[in-house]
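Structure incoming, see below.
As written, the chains take the letters A, B, C and D, and residue 1 is the first residue of each chain.
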Amino acid sequence: MFYQHVVQCLENRGVKIEEIARLVYELQAPYISELEMEECIESVQSVLKKREVQHAIITGISLDQLAEQRLLPEPLQTIMEVDEPLYGVDEILTLSIIHVYGSIGLTSFGYLDKDKQGILRKLNNHDKQIHVFLDDLVAGVAAAASARIAHDYPDVERYFTDRARDQQGSFMN
Amino acid sequence: MFYQHVVQCLENRGVKIEEIARLVYELQAPYISELEMEECIESVQSVLKKREVQHAIITGISLDQLAEQRLLPEPLQTIMEVDEPLYGVDEILTLSIIHVYGSIGLTSFGYLDKDKQGILRKLNNHDKQIHVFLDDLVAGVAAAASARIAHDYPDVERYFTDRARDQQGSFMN
Amino acid sequence: MFYQHVVQCLENRGVKIEEIARLVYELQAPYISELEMEECIESVQSVLKKREVQHAIITGISLDQLAEQRLLPEPLQTIMEVDEPLYGVDEILTLSIIHVYGSIGLTSFGYLDKDKQGILRKLNNHDKQIHVFLDDLVAGVAAAASARIAHDYPDVERYFTDRARDQQGSFMN
Amino acid sequence: MFYQHVVQCLENRGVKIEEIARLVYELQAPYISELEMEECIESVQSVLKKREVQHAIITGISLDQLAEQRLLPEPLQTIMEVDEPLYGVDEILTLSIIHVYGSIGLTSFGYLDKDKQGILRKLNNHDKQIHVFLDDLVAGVAAAASARIAHDYPDVERYFTDRARDQQGSFMN
């Protein structure tokens, strides 16, 4: 398992866990009044402990770094340098992160990626470094961590369970 | 092929092709100054001609309708009635639409789904009808049609091609 | 959470947890000599406790049942009755199950689906019932449970970790 | 567009279009008696003309080559050298190829990947070269090309259309 390594990699690339957690907080705070940053940090850490997530991050950051060092074969080197808008491998890799906590993270990902706030804005404006993969990976981790928190707040589900039980007996468990 | 049927289905559920094309226009106009509604309409039509897209729409709208008629077995009936936020099958089905024109549509989808403008806002506020699937399907079609247009405007790519050619000869075709 | 409900649903449709576990055993036994059925059963149960998986199964089985009762709107009713080979919503829904334990389950799914052994063969030969979704869902659960077991046997990883440590110090954790 | 470049890349890595087409033929011949190799070759070429597919192949082959040259940062270098079975980025990238012709290619992919015949067996036994990505990419292209052919043989659909029309009038087009 590469948890420490991945955290270190992200830091080396300018991304702190707290900054990802901040994105999670912004996404979920409107829906969960008692939410605290502590919990968002924990959720990001959980996501980063998943092997699937680690493999995606390790691969994506490697490609960003190799592009900076101009070690990629062409035409990949140029695709990465110009951040070709039709290149979708970064989104594909990110999907595998999002799926770890189910499909409900999809919406948050797209929103973060379009809205570019916080750390995502910072990554985007860095013009000496190449962040083709990093920005999407970070948005993906935030989306997954956000989905994980949503799964932990079963308010809607509780209401739903009660109502369903009233209507037709208890088929749930 | 079910093209006419799908167009009819969408209209019956309150969605005109022009309204989906409007979402496409809003997404792409900032990047493509010469874009016209005509082209967005055509792009939506192309997306709706794909079998994968037709199957997703036919299935999703059927589920919405069956929920309105209270014909779904429990607990699915209740999940649909309360539009359970943790239910992600609507997003999953939509992914299969988006993938038809590549992963770059992912971002647009999330943005549309979060931002809820135009027809999406209308679908969301309709409280007599059940639109658990329809809103996502419409956003998915708009995202795919938007990706299709992006693929047709190779400006960035042209720049990119020229530049790459200068650097190392012509490996492209 | 719908765990008991989902187990019951599967049994009502002719699928016992042990039969899914049998598929898992066949998939993994060649690689893990000490594997026991007990563990495969446990792994299937874990997969069935995931909300994403429950939602997919609940939706897919509902569609199979509504098709048997001839309650689906056309053309979906006919698509389901003839088990249209170009209809891919069943595969799409199954993907959301497989992704729960990472992409390595993909291969197993395709193999099971093509090879049709055990319970899958039984489901396939049942001509009074409609199993458009059920066969794929069961193969998906078996593939995910199989991936989950692979993640628990870190033999390869252990070898890998040792070797990597020898080479460049400990970046892993 | 990188069509010629991608064909060249594949050849440099030991994969001829005819060999991929052979896999397609084996997959589809049992279902389509009049199928000829010519058509399978054409279908593979069509798949390789899709930008999404080109990006996936360019990225995957680059990673294989960089691993052979020992240029990848650790731990990715070691993951690639030992072909870590829990590393799923190769499958993820392949998914983006398969999705280009719809989800029905999923089954074929898994089958090819498990069954390892023809060119896939050859790639697997090459122990001097690293083919972590290449084997999956080739299976993905074959699966997509195979799905594309299935979409072109609407026998089942024709039967289905006739039958549905008899039953409830013409909603199809």
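The rule is short, and it goes like this: a contact is a pair of C-beta atoms (placed from the backbone, for glycine too) under 8 Å apart; a residue touches a chain by one contact, two chains touch by 3 or more.
Bear in mind that the values here come from a model prediction, so they are computed numbers and not experimental data.
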| item | value |
| --- | --- |
| Copy pair subunit A, subunit D: interface residue numbering same or different (half cut) | same |
| For subunit B paired with subunit D, centre-to-centre distance based on mean C-alpha positions, whole Å | 26 |
| Rounded Å distance between subunit B and subunit C, as computed from the means of their C-alpha atoms | 28 |
| Shared interface positions of subunit D, touching two or more other chains | 2, 5, 51-52, 75, 79, 86, 88-89, 92, 95-96, 102-103, 151, 171-172 |
| Chain contact topology (line, ring, star, complete or other) | complete |
| Residues of subunit D defined as touching subunit C within the complex | 74-75, 78-79, 82, 84-86, 88-89, 91-92, 94-95, 102-104, 106-115, 150-151, 156-157, 159-160, 163-164, 167-168, 171-172 |
| Of all residues in subunit C, those that touch subunit A in their complex | 1-5, 8, 50-52, 96, 99-100, 102-103, 151, 171-173 |
| Subunit D partner contacts - residues on subunit A that touch it in the complex | 2, 5, 51-52, 55-56, 58-59, 62-63, 65-66, 71-73, 75-76, 79, 86-89, 92-93, 95-96 |
